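When the chains are written out, they are named A, B, C and D in that same order, and each has its own residue count from 1.
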Amino acid sequence: MDFIFKSRVYYSDTDCGGIVYHARYLDFAEHARSEMLRTALPKVSQNEMRHDGMIFVVKSIKIDYKKPAYLDDELTVHTRLMKAEHFSAVFSQEIKRGDDDICFLEVKVAALSSDGKRIMMIPKEVVQALS
Amino acid sequence: MDFIFKSRVYYSDTDCGGIVYHARYLDFAEHARSEMLRTALPKVSQNEMRHDGMIFVVKSIKIDYKKPAYLDDELTVHTRLMKAEHFSAVFSQEIKRGDDDICFLEVKVAALSSDGKRIMMIPKEVVQALS
Amino acid sequence: MDFIFKSRVYYSDTDCGGIVYHARYLDFAEHARSEMLRTALPKVSQNEMRHDGMIFVVKSIKIDYKKPAYLDDELTVHTRLMKAEHFSAVFSQEIKRGDDDICFLEVKVAALSSDGKRIMMIPKEVVQALS
Amino acid sequence: MDFIFKSRVYYSDTDCGGIVYHARYLDFAEHARSEMLRTALPKVSQNEMRHDGMIFVVKSIKIDYKKPAYLDDELTVHTRLMKAEHFSAVFSQEIKRGDDDICFLEVKVAALSSDGKRIMMIPKEVVQALS
(Lines give C-alpha, C1' and ligand atoms only; values in the text may rest on other atoms or scores of the structure.)
Protein backbone atom coordinates (compact mmCIF):
# COMPACT_ATOMS: atom_id res chain seq x y z
CA MET A 1 0.00 0.00 0.00
CA ASP A 2 1.28 3.44 -0.85
CA PHE A 3 2.41 5.94 1.71
CA ILE A 4 0.77 9.30 1.00
CA PHE A 5 2.49 12.65 1.62
CA LYS A 6 1.05 16.02 0.67
CA SER A 7 3.12 19.03 -0.28
CA ARG A 8 2.08 22.54 -1.29
CA VAL A 9 3.91 24.41 -4.06
CA TYR A 10 5.35 27.76 -2.88
CA TYR A 11 7.28 30.49 -4.70
CA SER A 12 10.53 28.90 -3.53
CA ASP A 13 9.68 25.75 -5.52
CA THR A 14 9.05 27.46 -8.85
CA ASP A 15 11.21 28.93 -11.59
CA CYS A 16 10.78 31.70 -14.13
CA GLY A 17 9.31 29.21 -16.62
CA GLY A 18 6.24 29.67 -14.38
CA ILE A 19 6.36 26.04 -13.22
CA VAL A 20 7.90 23.96 -10.45
CA TYR A 21 11.68 23.78 -10.97
CA HIS A 22 12.46 20.24 -12.17
CA ALA A 23 15.01 19.41 -9.44
CA ARG A 24 12.57 20.39 -6.74
CA TYR A 25 10.57 17.16 -7.21
CA LEU A 26 13.57 15.27 -5.83
CA ASP A 27 13.18 17.30 -2.63
CA PHE A 28 9.46 16.51 -2.43
CA ALA A 29 10.27 12.82 -2.97
CA GLU A 30 12.95 12.92 -0.24
CA HIS A 31 10.51 14.55 2.18
CA ALA A 32 7.97 11.82 1.44
CA ARG A 33 10.50 9.02 2.06
CA SER A 34 11.52 10.70 5.34
CA GLU A 35 7.90 10.94 6.49
CA MET A 36 7.31 7.33 5.43
CA LEU A 37 10.23 6.29 7.64
CA ARG A 38 9.00 8.48 10.51
CA THR A 39 5.54 6.93 10.27
CA ALA A 40 6.85 3.37 10.01
CA LEU A 41 9.39 3.76 12.81
CA PRO A 42 8.23 6.62 15.02
CA LYS A 43 11.02 6.01 17.51
CA VAL A 44 13.81 6.31 14.96
CA SER A 45 15.01 9.74 13.87
CA GLN A 46 17.31 10.19 10.89
CA ASN A 47 19.19 12.80 12.88
CA GLU A 48 19.91 10.30 15.68
CA MET A 49 20.80 7.65 13.09
CA ARG A 50 23.35 10.08 11.74
CA HIS A 51 24.86 10.67 15.17
CA ASP A 52 24.81 6.88 15.73
CA GLY A 53 26.90 6.45 12.60
CA MET A 54 24.61 5.82 9.62
CA ILE A 55 23.15 7.99 6.89
CA PHE A 56 20.99 7.09 3.91
CA VAL A 57 22.26 8.21 0.52
CA VAL A 58 20.67 8.14 -2.91
CA LYS A 59 22.44 5.81 -5.38
CA SER A 60 20.36 6.48 -8.48
CA ILE A 61 17.19 8.17 -9.65
CA LYS A 62 15.06 7.89 -12.75
CA ILE A 63 12.46 10.59 -13.12
CA ASP A 64 9.90 11.09 -15.89
CA TYR A 65 8.09 14.40 -16.05
CA LYS A 66 4.51 14.20 -17.30
CA LYS A 67 2.87 17.58 -16.65
CA PRO A 68 4.14 20.77 -15.05
CA ALA A 69 2.95 21.79 -11.58
CA TYR A 70 2.29 25.40 -10.60
CA LEU A 71 2.36 27.78 -7.65
CA ASP A 72 -0.35 26.97 -5.05
CA ASP A 73 -0.85 23.41 -6.34
CA GLU A 74 -1.32 20.76 -3.72
CA LEU A 75 0.77 17.77 -4.73
CA THR A 76 0.43 14.24 -3.41
CA VAL A 77 3.47 11.98 -3.30
CA HIS A 78 2.67 8.25 -3.41
CA THR A 79 5.61 6.17 -2.18
CA ARG A 80 6.12 2.41 -2.19
CA LEU A 81 9.10 0.24 -1.33
CA MET A 82 9.61 -1.85 -4.50
CA LYS A 83 12.61 -3.94 -3.64
CA ALA A 84 14.87 -4.30 -0.63
CA GLU A 85 18.21 -6.04 -0.61
CA HIS A 86 20.98 -6.13 1.97
CA PHE A 87 22.70 -3.04 0.68
CA SER A 88 20.06 -1.14 -1.24
CA ALA A 89 16.36 -0.40 -1.40
CA VAL A 90 14.35 0.82 -4.37
CA PHE A 91 11.36 3.13 -3.97
CA SER A 92 8.73 3.86 -6.59
CA GLN A 93 7.26 7.34 -6.19
CA GLU A 94 4.51 9.08 -8.08
CA ILE A 95 3.71 12.75 -7.71
CA LYS A 96 0.16 13.76 -8.57
CA ARG A 97 -2.07 16.82 -8.51
CA GLY A 98 -5.51 15.37 -7.98
CA ASP A 99 -5.77 12.83 -10.80
CA ASP A 100 -3.08 14.46 -12.95
CA ASP A 101 0.26 12.66 -13.12
CA ILE A 102 3.04 15.18 -12.56
CA CYS A 103 6.03 12.84 -12.45
CA PHE A 104 7.24 9.34 -11.66
CA LEU A 105 10.43 8.50 -9.81
CA GLU A 106 12.40 5.35 -9.16
CA VAL A 107 14.87 5.99 -6.35
CA LYS A 108 17.57 3.60 -5.17
CA VAL A 109 19.02 4.29 -1.74
CA ALA A 110 21.86 2.78 0.25
CA ALA A 111 23.23 3.20 3.75
CA LEU A 112 26.66 4.65 4.49
CA SER A 113 28.65 5.21 7.63
CA SER A 114 28.21 8.84 8.76
CA ASP A 115 31.69 9.75 7.51
CA GLY A 116 30.51 8.69 4.04
CA LYS A 117 33.29 6.16 3.67
CA ARG A 118 31.79 2.69 4.16
CA ILE A 119 28.70 1.00 2.76
CA MET A 120 26.51 -0.46 5.50
CA MET A 121 23.67 -2.96 5.49
CA ILE A 122 20.24 -1.39 5.62
CA PRO A 123 18.90 -2.36 9.06
CA LYS A 124 16.31 -5.15 8.87
CA GLU A 125 13.90 -3.29 11.12
CA VAL A 126 13.87 -0.44 8.62
CA VAL A 127 13.10 -2.72 5.68
CA GLN A 128 10.40 -4.56 7.59
CA ALA A 129 8.76 -1.38 8.79
CA LEU A 130 8.67 0.12 5.29
CA SER A 131 7.30 -3.03 3.59
CA MET B 1 -3.36 37.20 16.82
CA ASP B 2 -0.56 35.23 15.26
CA PHE B 3 -1.02 32.98 12.30
CA ILE B 4 0.64 29.63 13.02
CA PHE B 5 2.33 27.53 10.33
CA LYS B 6 4.25 24.33 11.01
CA SER B 7 7.19 23.13 8.94
CA ARG B 8 9.35 20.03 9.27
CA VAL B 9 13.11 20.19 8.67
CA TYR B 10 14.28 17.81 5.92
CA TYR B 11 17.72 17.03 4.49
CA SER B 12 17.10 19.57 1.73
CA ASP B 13 16.88 22.33 4.37
CA THR B 14 20.18 21.59 6.09
CA ASP B 15 23.84 22.25 5.32
CA CYS B 16 27.09 20.51 6.17
CA GLY B 17 27.38 22.56 9.37
CA GLY B 18 24.77 20.03 10.54
CA ILE B 19 22.11 22.73 10.92
CA VAL B 20 19.38 24.38 8.85
CA TYR B 21 20.98 26.54 6.14
CA HIS B 22 20.50 30.18 7.16
CA ALA B 23 18.75 31.30 3.95
CA ARG B 24 16.22 28.51 4.26
CA TYR B 25 14.35 30.34 7.04
CA LEU B 26 13.34 32.95 4.47
CA ASP B 27 11.63 30.15 2.54
CA PHE B 28 9.81 28.93 5.67
CA ALA B 29 8.73 32.52 6.36
CA GLU B 30 7.49 32.94 2.78
CA HIS B 31 5.52 29.68 3.02
CA ALA B 32 3.92 30.92 6.25
CA ARG B 33 2.90 34.27 4.72
CA SER B 34 1.43 32.43 1.71
CA GLU B 35 -0.60 30.12 3.96
CA MET B 36 -1.72 33.11 6.05
CA LEU B 37 -3.02 34.74 2.87
CA ARG B 38 -4.67 31.50 1.75
CA THR B 39 -6.40 31.16 5.13
CA ALA B 40 -7.48 34.82 5.22
CA LEU B 41 -8.68 34.88 1.62
CA PRO B 42 -9.46 31.30 0.61
CA LYS B 43 -10.83 32.42 -2.76
CA VAL B 44 -7.69 34.28 -3.79
CA SER B 45 -4.73 32.37 -5.20
CA GLN B 46 -1.35 34.02 -5.67
CA ASN B 47 -1.04 32.19 -8.98
CA GLU B 48 -4.28 33.76 -10.27
CA MET B 49 -3.18 37.14 -8.90
CA ARG B 50 -0.04 36.77 -10.95
CA HIS B 51 -2.01 36.01 -14.11
CA ASP B 52 -4.30 38.95 -13.24
CA GLY B 53 -1.29 41.23 -13.21
CA MET B 54 0.03 41.51 -9.64
CA ILE B 55 2.79 39.83 -7.68
CA PHE B 56 4.04 40.40 -4.14
CA VAL B 57 7.73 41.11 -3.75
CA VAL B 58 9.92 41.41 -0.68
CA LYS B 59 11.37 44.91 -0.17
CA SER B 60 13.48 44.28 2.93
CA ILE B 61 14.19 41.67 5.59
CA LYS B 62 15.83 41.78 8.97
CA ILE B 63 16.57 38.39 10.47
CA ASP B 64 18.16 37.55 13.82
CA TYR B 65 19.30 34.00 14.39
CA LYS B 66 18.99 32.78 17.99
CA LYS B 67 19.57 29.01 17.98
CA PRO B 68 20.26 26.54 15.19
CA ALA B 69 17.57 24.10 14.08
CA TYR B 70 18.32 20.52 13.04
CA LEU B 71 17.11 17.72 10.77
CA ASP B 72 13.73 16.30 11.87
CA ASP B 73 12.85 19.38 13.97
CA GLU B 74 9.30 20.56 13.77
CA LEU B 75 9.36 24.33 13.49
CA THR B 76 6.47 26.69 14.12
CA VAL B 77 6.31 30.00 12.27
CA HIS B 78 4.30 32.71 14.05
CA THR B 79 3.29 35.49 11.67
CA ARG B 80 1.65 38.83 12.36
CA LEU B 81 0.90 41.83 10.14
CA MET B 82 2.58 44.71 11.97
CA LYS B 83 1.88 47.65 9.71
CA ALA B 84 0.06 48.16 6.43
CA GLU B 85 0.31 51.20 4.24
CA HIS B 86 -0.86 51.85 0.72
CA PHE B 87 2.27 50.52 -0.92
CA SER B 88 3.85 48.24 1.66
CA ALA B 89 3.07 45.88 4.50
CA VAL B 90 5.40 44.77 7.30
CA PHE B 91 5.19 41.32 8.83
CA SER B 92 6.77 40.20 12.08
CA GLN B 93 7.65 36.51 12.05
CA GLU B 94 9.08 34.28 14.73
CA ILE B 95 10.30 30.77 14.10
CA LYS B 96 10.29 28.47 17.11
CA ARG B 97 10.99 24.84 17.98
CA GLY B 98 8.70 24.20 20.92
CA ASP B 99 9.64 26.99 23.34
CA ASP B 100 13.07 27.61 21.78
CA ASP B 101 13.45 30.76 19.71
CA ILE B 102 15.18 29.88 16.44
CA CYS B 103 14.96 33.23 14.65
CA PHE B 104 13.02 36.47 14.30
CA LEU B 105 12.19 38.17 11.02
CA GLU B 106 10.79 41.51 10.03
CA VAL B 107 9.69 41.36 6.40
CA LYS B 108 8.48 44.29 4.32
CA VAL B 109 6.55 43.41 1.17
CA ALA B 110 5.15 45.45 -1.70
CA ALA B 111 3.02 44.73 -4.74
CA LEU B 112 4.29 44.97 -8.30
CA SER B 113 2.72 44.56 -11.69
CA SER B 114 3.41 41.03 -12.98
CA ASP B 115 6.02 42.31 -15.41
CA GLY B 116 7.91 43.65 -12.36
CA LYS B 117 7.93 47.18 -13.68
CA ARG B 118 5.32 49.18 -11.72
CA ILE B 119 4.58 49.48 -8.01
CA MET B 120 0.94 48.80 -7.23
CA MET B 121 -1.24 49.48 -4.20
CA ILE B 122 -1.73 46.50 -1.95
CA PRO B 123 -5.43 45.64 -2.36
CA LYS B 124 -7.50 46.73 0.65
CA GLU B 125 -9.22 43.38 0.89
CA VAL B 126 -5.82 41.73 1.37
CA VAL B 127 -4.83 44.12 4.17
CA GLN B 128 -8.19 43.78 5.91
CA ALA B 129 -8.15 40.00 5.69
CA LEU B 130 -4.63 39.76 7.13
CA SER B 131 -5.24 42.19 10.01
CA MET C 1 33.59 17.21 -27.92
CA ASP C 2 32.46 17.86 -24.38
CA PHE C 3 31.48 21.27 -23.12
CA ILE C 4 33.23 21.91 -19.80
CA PHE C 5 31.67 23.90 -16.96
CA LYS C 6 33.21 24.36 -13.52
CA SER C 7 31.25 24.79 -10.33
CA ARG C 8 32.38 25.26 -6.75
CA VAL C 9 30.57 23.56 -3.85
CA TYR C 10 29.28 26.04 -1.25
CA TYR C 11 27.39 25.58 2.05
CA SER C 12 24.12 26.13 0.18
CA ASP C 13 24.81 23.00 -1.90
CA THR C 14 25.42 20.63 1.01
CA ASP C 15 23.24 18.81 3.51
CA CYS C 16 23.71 17.59 7.07
CA GLY C 17 25.03 14.27 5.77
CA GLY C 18 28.17 16.37 5.21
CA ILE C 19 27.95 15.96 1.43
CA VAL C 20 26.39 17.70 -1.57
CA TYR C 21 22.59 17.29 -1.45
CA HIS C 22 21.64 14.80 -4.16
CA ALA C 23 19.14 17.04 -5.97
CA ARG C 24 21.69 19.82 -6.23
CA TYR C 25 23.55 18.00 -9.04
CA LEU C 26 20.51 18.60 -11.25
CA ASP C 27 21.05 22.34 -10.71
CA PHE C 28 24.75 22.04 -11.61
CA ALA C 29 23.79 20.09 -14.74
CA GLU C 30 21.18 22.73 -15.69
CA HIS C 31 23.74 25.50 -15.23
CA ALA C 32 26.16 23.62 -17.50
CA ARG C 33 23.55 23.14 -20.25
CA SER C 34 22.67 26.85 -20.02
CA GLU C 35 26.32 27.86 -20.36
CA MET C 36 26.76 25.42 -23.24
CA LEU C 37 23.86 27.11 -25.02
CA ARG C 38 25.25 30.56 -24.22
CA THR C 39 28.64 29.58 -25.63
CA ALA C 40 27.17 27.96 -28.74
CA LEU C 41 24.73 30.77 -29.44
CA PRO C 42 26.06 33.91 -27.76
CA LYS C 43 23.32 36.05 -29.26
CA VAL C 44 20.48 33.95 -27.88
CA SER C 45 19.38 34.39 -24.28
CA GLN C 46 17.01 31.95 -22.61
CA ASN C 47 15.29 34.89 -20.98
CA GLU C 48 14.55 36.47 -24.37
CA MET C 49 13.48 33.07 -25.72
CA ARG C 50 11.00 32.92 -22.88
CA HIS C 51 9.60 36.34 -23.71
CA ASP C 52 9.51 35.30 -27.38
CA GLY C 53 7.33 32.37 -26.46
CA MET C 54 9.51 29.30 -25.88
CA ILE C 55 10.99 27.61 -22.82
CA PHE C 56 13.03 24.45 -22.49
CA VAL C 57 11.72 21.86 -20.07
CA VAL C 58 13.21 18.64 -18.78
CA LYS C 59 11.29 15.52 -19.84
CA SER C 60 13.32 12.87 -18.03
CA ILE C 61 16.52 12.37 -16.08
CA LYS C 62 18.55 9.34 -15.13
CA ILE C 63 21.25 10.00 -12.57
CA ASP C 64 23.77 7.58 -11.07
CA TYR C 65 25.69 8.72 -8.02
CA LYS C 66 29.24 7.37 -7.79
CA LYS C 67 31.02 9.26 -5.01
CA PRO C 68 29.92 12.06 -2.70
CA ALA C 69 31.23 15.60 -3.21
CA TYR C 70 32.04 17.92 -0.33
CA LEU C 71 32.15 21.61 0.64
CA ASP C 72 34.88 23.53 -1.22
CA ASP C 73 35.21 20.89 -3.96
CA GLU C 74 35.65 22.18 -7.47
CA LEU C 75 33.43 20.13 -9.73
CA THR C 76 33.66 19.88 -13.50
CA VAL C 77 30.54 19.17 -15.53
CA HIS C 78 31.20 17.54 -18.93
CA THR C 79 28.21 17.92 -21.24
CA ARG C 80 27.55 16.41 -24.65
CA LEU C 81 24.51 16.42 -26.91
CA MET C 82 23.83 12.72 -27.53
CA LYS C 83 20.79 12.77 -29.71
CA ALA C 84 18.57 15.45 -31.20
CA GLU C 85 15.17 14.89 -32.73
CA HIS C 86 12.47 17.32 -33.77
CA PHE C 87 10.84 17.47 -30.38
CA SER C 88 13.51 16.37 -27.95
CA ALA C 89 17.22 16.40 -27.28
CA VAL C 90 19.21 14.10 -25.02
CA PHE C 91 22.29 15.27 -23.15
CA SER C 92 24.88 13.09 -21.48
CA GLN C 93 26.49 14.80 -18.50
CA GLU C 94 29.25 13.69 -16.22
CA ILE C 95 30.21 15.49 -13.02
CA LYS C 96 33.79 14.97 -11.86
CA ARG C 97 36.13 16.19 -9.12
CA GLY C 98 39.52 15.94 -10.75
CA ASP C 99 39.61 12.32 -11.92
CA ASP C 100 36.93 11.14 -9.52
CA ASP C 101 33.53 10.37 -11.00
CA ILE C 102 30.87 12.00 -8.85
CA CYS C 103 27.77 11.28 -10.95
CA PHE C 104 26.45 10.61 -14.45
CA LEU C 105 23.29 12.09 -15.90
CA GLU C 106 21.22 11.50 -18.99
CA VAL C 107 18.84 14.40 -19.48
CA LYS C 108 16.08 14.62 -22.06
CA VAL C 109 14.74 18.08 -22.80
CA ALA C 110 11.90 19.40 -24.93
CA ALA C 111 10.64 22.82 -25.92
CA LEU C 112 7.30 24.22 -24.79
CA SER C 113 5.40 27.40 -25.51
CA SER C 114 6.02 29.89 -22.67
CA ASP C 115 2.57 29.27 -21.23
CA GLY C 116 3.60 25.61 -20.83
CA LYS C 117 0.71 24.36 -22.91
CA ARG C 118 2.07 23.34 -26.32
CA ILE C 119 5.07 21.25 -27.38
CA MET C 120 7.27 23.08 -29.87
CA MET C 121 10.00 21.95 -32.25
CA ILE C 122 13.50 22.54 -30.95
CA PRO C 123 14.89 25.25 -33.26
CA LYS C 124 17.36 23.83 -35.81
CA GLU C 125 19.90 26.54 -35.09
CA VAL C 126 19.98 25.41 -31.44
CA VAL C 127 20.58 21.78 -32.36
CA GLN C 128 23.25 22.66 -34.90
CA ALA C 129 25.05 24.99 -32.52
CA LEU C 130 25.10 22.40 -29.74
CA SER C 131 26.30 19.52 -31.94
CA MET D 1 38.81 47.56 -0.88
CA ASP D 2 35.91 45.45 -1.96
CA PHE D 3 36.21 41.80 -2.83
CA ILE D 4 34.45 41.14 -6.14
CA PHE D 5 32.61 37.91 -6.92
CA LYS D 6 30.59 37.28 -10.06
CA SER D 7 27.57 35.02 -10.24
CA ARG D 8 25.30 34.16 -13.16
CA VAL D 9 21.52 33.80 -12.68
CA TYR D 10 20.20 30.37 -13.71
CA TYR D 11 16.70 28.90 -13.75
CA SER D 12 17.34 27.38 -10.32
CA ASP D 13 17.74 30.90 -8.88
CA THR D 14 14.44 32.29 -10.17
CA ASP D 15 10.80 32.00 -9.18
CA CYS D 16 7.50 32.19 -11.03
CA GLY D 17 7.37 35.95 -10.45
CA GLY D 18 9.92 35.89 -13.30
CA ILE D 19 12.69 37.24 -11.05
CA VAL D 20 15.43 35.92 -8.77
CA TYR D 21 13.84 34.39 -5.65
CA HIS D 22 14.48 36.79 -2.76
CA ALA D 23 16.19 34.24 -0.46
CA ARG D 24 18.61 33.28 -3.20
CA TYR D 25 20.62 36.51 -2.72
CA LEU D 26 21.66 35.18 0.69
CA ASP D 27 23.23 32.22 -1.13
CA PHE D 28 25.08 34.51 -3.55
CA ALA D 29 26.31 36.57 -0.59
CA GLU D 30 27.48 33.41 1.23
CA HIS D 31 29.33 32.24 -1.89
CA ALA D 32 31.05 35.62 -2.11
CA ARG D 33 32.14 35.56 1.55
CA SER D 34 33.48 32.01 1.05
CA GLU D 35 35.48 33.05 -2.01
CA MET D 36 36.75 36.12 -0.16
CA LEU D 37 38.03 33.82 2.59
CA ARG D 38 39.54 31.42 0.05
CA THR D 39 41.34 34.29 -1.67
CA ALA D 40 42.54 35.84 1.58
CA LEU D 41 43.66 32.55 3.10
CA PRO D 42 44.30 30.12 0.24
CA LYS D 43 45.61 27.46 2.60
CA VAL D 44 42.52 27.40 4.78
CA SER D 45 39.47 25.44 3.69
CA GLN D 46 36.13 25.79 5.44
CA ASN D 47 35.68 22.06 5.14
CA GLU D 48 38.92 21.40 7.02
CA MET D 49 38.00 24.07 9.57
CA ARG D 50 34.81 22.17 10.15
CA HIS D 51 36.68 18.91 10.70
CA ASP D 52 39.10 20.82 12.96
CA GLY D 53 36.19 21.89 15.12
CA MET D 54 34.96 25.30 13.95
CA ILE D 55 32.17 26.50 11.68
CA PHE D 56 31.04 30.01 10.78
CA VAL D 57 27.38 30.79 11.35
CA VAL D 58 25.28 33.80 10.43
CA LYS D 59 23.96 35.74 13.45
CA SER D 60 21.91 38.38 11.66
CA ILE D 61 21.18 39.77 8.22
CA LYS D 62 19.62 42.97 6.97
CA ILE D 63 18.80 42.99 3.29
CA ASP D 64 17.25 45.76 1.19
CA TYR D 65 16.00 44.88 -2.27
CA LYS D 66 16.34 47.66 -4.84
CA LYS D 67 15.62 46.14 -8.26
CA PRO D 68 14.77 42.62 -9.37
CA ALA D 69 17.34 40.50 -11.20
CA TYR D 70 16.45 38.13 -14.03
CA LEU D 71 17.48 34.87 -15.70
CA ASP D 72 20.84 35.17 -17.50
CA ASP D 73 21.87 38.31 -15.58
CA GLU D 74 25.48 38.47 -14.50
CA LEU D 75 25.55 39.76 -10.94
CA THR D 76 28.55 41.17 -9.12
CA VAL D 77 28.78 40.82 -5.36
CA HIS D 78 30.93 43.49 -3.66
CA THR D 79 31.98 42.40 -0.17
CA ARG D 80 33.77 44.34 2.55
CA LEU D 81 34.56 43.49 6.17
CA MET D 82 33.04 46.41 8.11
CA LYS D 83 33.78 45.51 11.68
CA ALA D 84 35.54 42.67 13.44
CA GLU D 85 35.36 41.92 17.12
CA HIS D 86 36.48 38.93 19.15
CA PHE D 87 33.26 37.02 18.67
CA SER D 88 31.66 38.49 15.57
CA ALA D 89 32.40 40.09 12.23
CA VAL D 90 30.12 42.27 10.14
CA PHE D 91 30.23 42.27 6.34
CA SER D 92 28.69 44.83 4.05
CA GLN D 93 27.68 43.33 0.71
CA GLU D 94 26.23 44.93 -2.37
CA ILE D 95 24.86 42.97 -5.31
CA LYS D 96 24.86 44.79 -8.63
CA ARG D 97 24.05 44.14 -12.29
CA GLY D 98 26.39 46.47 -14.11
CA ASP D 99 25.60 49.82 -12.52
CA ASP D 100 22.17 48.79 -11.25
CA ASP D 101 21.85 48.19 -7.52
CA ILE D 102 20.01 44.93 -6.96
CA CYS D 103 20.31 44.64 -3.18
CA PHE D 104 22.36 45.57 -0.12
CA LEU D 105 23.17 43.24 2.75
CA GLU D 106 24.67 43.62 6.19
CA VAL D 107 25.68 40.21 7.49
CA LYS D 108 26.95 39.46 10.99
CA VAL D 109 28.77 36.17 11.42
CA ALA D 110 30.16 34.33 14.42
CA ALA D 111 32.21 31.19 14.95
CA LEU D 112 30.85 28.09 16.67
CA SER D 113 32.35 24.77 17.63
CA SER D 114 31.49 22.18 14.95
CA ASP D 115 28.86 20.58 17.21
CA GLY D 116 27.09 23.98 17.20
CA LYS D 117 27.19 24.21 20.98
CA ARG D 118 29.90 26.73 21.93
CA ILE D 119 30.73 30.20 20.66
CA MET D 120 34.38 30.51 19.64
CA MET D 121 36.65 33.46 18.98
CA ILE D 122 37.09 34.27 15.32
CA PRO D 123 40.75 33.42 14.62
CA LYS D 124 42.93 36.54 14.35
CA GLU D 125 44.53 35.33 11.13
CA VAL D 126 41.09 35.21 9.52
CA VAL D 127 40.24 38.78 10.56
CA GLN D 128 43.62 40.09 9.47
CA ALA D 129 43.44 38.36 6.12
CA LEU D 130 39.95 39.70 5.39
CA SER D 131 40.71 43.29 6.41
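By our rule, a contact is a pair of C-beta atoms (placed from the backbone, for glycine too) under 8 Å apart; a residue touches a chain by one contact, two chains touch by 3 or more.
If you're wondering where the values come from, they're calculated on a predicted model, not measured in any experiment.
Asker: Among the other chains, which touch chain B and chain D together?
Answerer: Output, common partners of chain B and chain D: A, C.
Asker: Which of the two pairs, C-D or A-C, is linked by more C-beta contacts?
Answerer: Top pair by contacting C-beta pairs is A-C.
Asker: Any idea how many Å lie between the Cα centroids of chain A and chain C?
Answerer: It comes to 22 Å between the two C-alpha centres.
Asker: Can you give the whole-Å distance between the Cα centres of chain A and chain D?
Answerer: Each chain reduced to its C-alpha mean, chain A and chain D end up 31 Å apart.
Asker: Residue numbers in chain A touching 2 or more other chains?
Answerer: 11-12, 16-19, 23, 27, 30, 47, 50, 70-71
Asker: Which positions of chain B touch chain A when the two form their complex?
Answerer: It is residues 8, 10-12, 27, 30-31, 34-35, 38, 45-47, 50, 70-72 of chain B that touch chain A.
Asker: Which positions of chain D touch chain A when the two form their complex?
Answerer: Answer in residue numbers: 11-12, 14-19, 21, 23, 70-71.
Asker: Please output the residues of chain D touching chain B within their complex, sorted ascending.
Answerer: 16-19, 22-24, 26-27, 30, 47, 50, 55, 57-65, 68, 114-116
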